[in-house]
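Before I ask anything, let me first share the structure, which is written out below as structure tokens.
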């Protein structure tokens, strides 16, 4: 049994970790911390957990955390970078679901997150945990930076194109859309049902924190600088991200081999599903499931490759991918606890 | 392994059975029939099942069905009553999710369903499968009539009151609300997103097919005739039923012991959760889960007991309860395959 | 032209007043106050008003308000009762959309609103502005207490039954459901899209502030004490209230004349629509419109009259009714500015 | 008074025309035809129209239609092209909301709509009714082809860029999203609430009928061939289109003058609102209103111009624009009947 701690568990990522871990056969959740809710049973805050957990939120306690095999951070940015070094020193492995260790360029990090980075050493050592790219490094990692939700959907969709150098890396466009749970569980007017129900809009169109993360990941895949435009949008629903990706094929003749190339790239991946050419993946097909589904499209008179990619932002985009990373780190079956079909309808 | 067949699997109840059974460790789904979709892989129709089933829909084949241990009927009314007798004769046990075997009074049945009943013998023998009431009879049943969605939520909420004779049985009111999946997956204008999104209404207020089923169940609990008013409503969402129940306490002094009485009644039930007095169960707390959550309420200057009860209409109101019944029938752990927490948010 | 001021205009009731008044031919909006947003153009906060108003929110200014013919209060409770007496003394007439002047029993008011009432004199003089009941008093009123949203839907549905003494006044049940805009525009976690989307629940089932208001109104209609149970519910949508009302007919023979009686009662009412017996009014049929639509229902073997009643909580349940009251008070055509059809779909 | 007829009025476009015309001071609706619903009062089908129309649907009658000043076609494609020539011969003017007369290249039309065009003469003479482009031609037109919903949002957003030749016309990308009402009111399984609620997906990614219409309009603006990629998506809501447009600026220095250029271009347009640079127009800000709101965005290290553009697909994308065209054709004030603010929230 892997002894697990969760720091900062009152948000949607925290409850989703608990939901997934409730049926994971090799995990024992030892503690879940929240300063504001210390003492409150998790099942009182999240009634879906009634009957599944006796656990209550607790003040973060260094001793209890140090006794865990693995600690998940489901905190706002700025928290993990302060706590992680000591935990690792105590022999604990960490999967950080926040943004603290995702970027390698700490000037860029500081610029987007508005504070200096306090753990440059671990920012460098952290493994950016997209298993489809660096599974082997994750296996031995002490610290895994769990990818952001948009970056997961966008990178998985672009990867095969960039890895094979088939498209112009300077002209990548990612038009992405997310359900409201991506904004977390903060009491802000802007995320009220009355404000976002029955409406649709772009946001962060002049720049969003996930842009540098996407840029870094795509540059790694392309083996060089990329030019990427990323516009996120807010969908009046709770879970799900859809990313429609546009790239310019260098040689239109390559259209014919794209499908095979994508299928090959992800053939061995349990959590990436390349659908038939021209399919339209729906976010509901991955609701609650640790899956990315994608499909390729081509329009007449055009050399633009279109990739549509969907994930559940709270699962493959957060808690599910974190558990996948944990499974890899601890030598468990990668799909353990993650094999239930999505909830449809 | 229980060899399972599903007749009529293209609707929401069918896909929900497949979703649940995909992770059931003791079930092997042998066939799923659909005349209209014969030959179509189930995963082509329901993309959440991609990677989980190789199975395709097939024409109903008596031989294949007869080779199953259990057949679920997820058909419109009028189908099961014609096919069930032969299947049982062949030694197959049946859980019928349709309305065919729910009512004991076949005149009432014929009146509400617009056709004569064609299997009076099995209508009599069928066990009405509400495990919280007749678990022992289900164990040995050859044919289980799986309760309707509204009747499940309403009966579970009223049962303790009626079994103890605490309320006026002539004055029961059940104001119930359901998500759109309860209407099934038919291409009707009335159930378009454009018609029911962002709107709320009652329907069937002058009489709904679930009324006689509710009346029958409550009469059994009360040990005599009951007067019940039942008004269903349509909620602009997909899954979930909430029933707000009103009953007049004979002796207001009984208010003080109601909570204990409800907790006791359902103490041993794995799928009924009595929440603290005055709680407000939400449908999302049971989304995708085989649970009924309920709570009691009292208003000042009033001797009306209010019970609020929620289920997922496709799970505890249909496919989940059917699997629960199967587990009981085959001596499996009753919670097998049904123990994942609800999907929240 | 009626010179109008609005106190507390940043909430949904405020923007709805502005939306309606934008096309009212006899109104000139002079000021709209908000301490927190003073200086912000209303069209910056509510983009639907771009091109319709140059006005900015302003600090409340006694002089400016005193120069208005009419001031609407769209404030939380506790504000109007402090400001109204001076305004009236200055010759301004007032329509208060808050709860301050709705209850005549100030002990009850203090109990439900958690503070002593500070203007008992005007609480007594205020006219409870349900035009269908007291149109003539509204005409000359200096202060109109605009009814609450639930109380409007519930009272209009019960009125004909109680006025004619046809039902048992001790056994009234109002099961009401509201969209999320009824909770206002406060940044609370409980009203996030992520919390209330795709879910349904009762709230305030043990007692809600609108209960005493409903009780007072129904008692007036019945000419004596009534027993009413009121349970509100939250619908995952933005606008609309549906109330399903249950009452026990003293003489079942009266069923035959109910429809005619309702039609007669509301024949001259421009904003109450009695639909054919057995219809199911939808909230979308009144979205954005100052309408209440209702229908009667009867179930077999029952002497319960069922009334289903729908309004838009922000229009007939708030801003629209307030404008209707203003029209009456200033001798304008009652339907002025209120005659556009609802937005459907 | 303009005597108006509507052919094919049972769909969402039909009811929206009726909603708008109900408060238009210079229009008298003489007939609304529907073969399938002949005899049914429009207010029976659309309860928001109760009290606004006595009219019933009628069989199309050449005499009655010929007596109108203007006939709107709200029919599926293929109907108007057969009926329009005779009507025009009878002196009636026509606004066709279907696709029949939108494309000038009839081979392209035949290819996308799967039938030969039956009125090439009028296809040539028809004015493509985007008032912001060809207002003067509309004034005298006998036949106006009302633009499609997506093409309206996309063209208005790209126009200033193309008219000034500022962007590479070969690299235009339009990622567009629509609410479900855009699919009309057909009883198809794919548009059930249970199918599209709480989910998001692209559709027609390999080619959609609005693509050639967009291409034609943009080519006219650019004065030459354009390369445009257009991917529509389905939003789980009812009304509203958002289009996020991407174009490559030839000279990045032009970024500085874009905002002024857009504001100038639309300064005199009553129904196009250029919001401040970097704003995020929401579809709810135009719900029910004949408005297009748009904003410009720029991301660091990029020479991509991003335009976000929103309309209500049933209003500026259909019925509202049709009424705007009618106003222009009949010398009425262009905003007549179209000046109410959007319904927000």
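In this document, chain identifiers A, B, C and D correspond to the written order of the chains, with residue numbering beginning at 1 in each.
Simple rule for what comes next: a residue touches a chain if its C-beta (ideal position, glycine included) is under 8 Å from a C-beta of that chain, and two chains touch if they have at least 3 such contacts.
Everything quoted here is computed from the prediction, not taken from an experiment.
**Q** With contacts counted as defined, which of the two, A-C or A-D, has more C-beta pairs across the interface?
**A** A-D
**Q** Measuring centre to centre with C-alpha atoms, which chain is farthest from chain A?
**A** C
**Q** Counting in whole Å, what is the centre-to-centre distance of chain A and chain B, each centre being its mean C-alpha position?
**A** Roughly 36 Å, centre to centre.
**Q** Roughly how far is chain A from chain C, centre to centre by C-alpha average, rounded to an integer in Å?
**A** Centres of chain A and chain C (C-alpha means) sit 45 Å apart.
**Q** So the centre of each chain is just the mean of its C-alpha atoms; given that, what is the distance between chain A and chain D in Å?
**A** 38
**Q** Residue numbers in chain C touching 2 or more other chains?
**A** In chain C, the residues touching two or more other chains are 12, 181, 194-195, 197-198, 236-239, 281-282, 284, 287, 345.
**Q** Within the complex, which stretch of chain C touches chain A?
**A** Interface residues on chain C, with respect to chain A: 12, 180-181, 183, 185-189, 191-198, 236-238.
**Q** Please name which positions on chain D make contact with chain A in the complex.
**A** Residue positions touching the partner: 171, 173, 175, 177, 179, 194-195, 197-203, 205-207, 211, 227, 229-231, 233, 235-240, 242, 244, 246, 248, 278, 280-284, 287, 295, 297-302, 304, 306, 308, 310, 345.
**Q** Touching residues of chain B toward chain A in the complex: what are they?
**A** Residues 12, 15, 18-19, 22-23, 46-52, 181, 197-198, 238-239, 273, 275, 281-282, 284-289, 293, 339-345.
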